Amino acid sequence: MKKPQLPPTEAISSHPGLKTTTDNWFEYPIRVYPHHTDYAGRVWHGTYLTWMEAARVECLLSNGIDFAELVNLGCDLPVIDLAIRYHQPLALGMNAIVKTRMKEITGVRIHWDYKIQSLDTEQTYVTARVTLVAIDRDKGKILRQLPPGVKTVLSQLQKG
Amino acid sequence: MKKPQLPPTEAISSHPGLKTTTDNWFEYPIRVYPHHTDYAGRVWHGTYLTWMEAARVECLLSNGIDFAELVNLGCDLPVIDLAIRYHQPLALGMNAIVKTRMKEITGVRIHWDYKIQSLDTEQTYVTARVTLVAIDRDKGKILRQLPPGVKTVLSQLQKG
Amino acid sequence: MKKPQLPPTEAISSHPGLKTTTDNWFEYPIRVYPHHTDYAGRVWHGTYLTWMEAARVECLLSNGIDFAELVNLGCDLPVIDLAIRYHQPLALGMNAIVKTRMKEITGVRIHWDYKIQSLDTEQTYVTARVTLVAIDRDKGKILRQLPPGVKTVLSQLQKG
Amino acid sequence: MKKPQLPPTEAISSHPGLKTTTDNWFEYPIRVYPHHTDYAGRVWHGTYLTWMEAARVECLLSNGIDFAELVNLGCDLPVIDLAIRYHQPLALGMNAIVKTRMKEITGVRIHWDYKIQSLDTEQTYVTARVTLVAIDRDKGKILRQLPPGVKTVLSQLQKG
């Protein structure tokens, strides 16, 4: 594997709805479009995973880790474990905030927490946990350690 | 809510790959098409949820419960909890079997187990648990009990 | 059908990347996430339809038409015709602008033009045309005319 | 690019619903699951593209062309043009047949026709055209000619 080096650390994203709150949640706003819904007029249960992925990629990017660049350098971060609880449904046209927070790193496993809430935080629609693992794309094997740049950034995220 | 009655109990599906094994797993065969994959050439982690849903609907149908009919009668069965573990990736063009089994009913909650395996059962790609809850579509509320016909069928599934 | 009335005309959306250019294209920015891609590392050809829908819904909303509200009032606008040409592929991590413009109304048919371009407009990735038709949700039939409020707004869009 | 050679010509698929009719349409049966639908209880307009792709891959496979193998050999067949007309909607739980037929080859462009119909062929839900182009994956460029094995098979398909 080519040695993955940390992409430039300046935040690239200027998407205005994105921000990090004082309690360290990264916020990614969404709106429910027709293709997100199912026959019930509610968000289909698998759709949330697309938003959770988008929030995670944007969170990393806003902290200087360009996911596409990481992949090109030979490091991938597939999901190996996911648990999601559906508290209240989101319906067509509704707005919500996908909140994500890197919880901890155990070796090359990266654990993320999620909650999807109404804009006023009164309603919680979904809570979830996702675990990623760092793998060497060429060898198709789990890395023995995180690429240094990635580890530095994630450690800082962890501290808040 | 209109009283949901059990749809005719003859199995409607004649999809030939579908069958129930002696240990009570319902089997739904899949092949990986381009739209199932992501940049890594592997199945994107959310794609598995579409297959799990398809297997569940076909399992119910082969036991005489037509999901669309149930919905028309006013009863919905949304997913309220889901946990999935990714053991080995499936890649473009690969075949696999999605196995599902109704595990237990607790009130109006229906618990399903899943494993996605290679045709020879040597490889396990994914294991998962999914919980559904029965709701009254008109009222948008959780039902106090399962519609009688549904309960009868599911109880039989449970016994194996 | 309940008579669809025009939702309040103030623009509700405050998504900062959204804007209308002088030549009347509504602009909806996107970034390519893993779930948008396929095995080739490029955007899967069907993914573009989700972005085109999102751009259309946001364009309507920014002009005072809340699509979810319209649906609740009994008017739906399903796609009845779509043509899309793929000029250059978008790859994982890339940014682009989905541009949409209401082209013309013929009776209850609404025609939209699309182009998906690089931020600097040097590259055109996709061009497309989409036709919607207004239907009465209760009757499941094509409306004889557009709801008055919708027609007024769309006519203004058409004028630029 | 490694020279793509024709995969073994015996038909690999044994999916029982798949067959080729006397007028040369390849038939791929589908059933509408919840994740295929949108708020209207109908199939979301982009879902049809997943079925059209599945039908195309199965049609090629039943004629001895394993798409995944072709990709591994360095030849890709991305969609470059697509037009689709929605005649009647499919709803949750409905069954239909996706029919596809290789229409003609013009250089390295492969044109396919589609119609999605009810089992009794009384209803036509969708008609569509899709054009693929053969590209060299390594160079990212359009091939000057189709890989010989592929050309032979497709020419036979064309003759019917």
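Think of it as A, B, C and D in the order they're written, each chain with its own count starting at 1.
One rule holds for everything that comes next: a contact is a pair of C-beta atoms (placed from the backbone, for glycine too) under 8 Å apart; a residue touches a chain by one contact, two chains touch by 3 or more.
None of the values given here were measured: they were computed from a predicted structure.
Contact tally for B-C versus A-C: the pair with more C-beta pairs in contact is A-C. Averaging Cα atoms per chain gives one point for each, and the point farthest from that of subunit A is the centre of D. One simple way to say how far apart two chains are is to compare their mean CA positions; for subunit A and subunit C this gives 27 Å.
Between subunit B and subunit C, the centres computed from C-alpha atoms are 34 Å apart. Shown for subunit A are the residues that touch two or more other chains, namely 34-35, 39-40, 46, 49-50, 53, 71, 91-92. The touching residues of subunit D, counted against subunit B in their complex, run 15-17, 29, 31-35, 49-50, 53-54, 57-58, 66-69, 71, 91-94.
Here subunit B touches subunit C in the complex through residues 34-35, 37-41, 44, 46, 91-92, going by the rule given at the top.
Residues of subunit D that touch subunit C in their complex: 39-40, 42, 45-46, 49-50, 53, 71, 76, 78-86, 89, 137.
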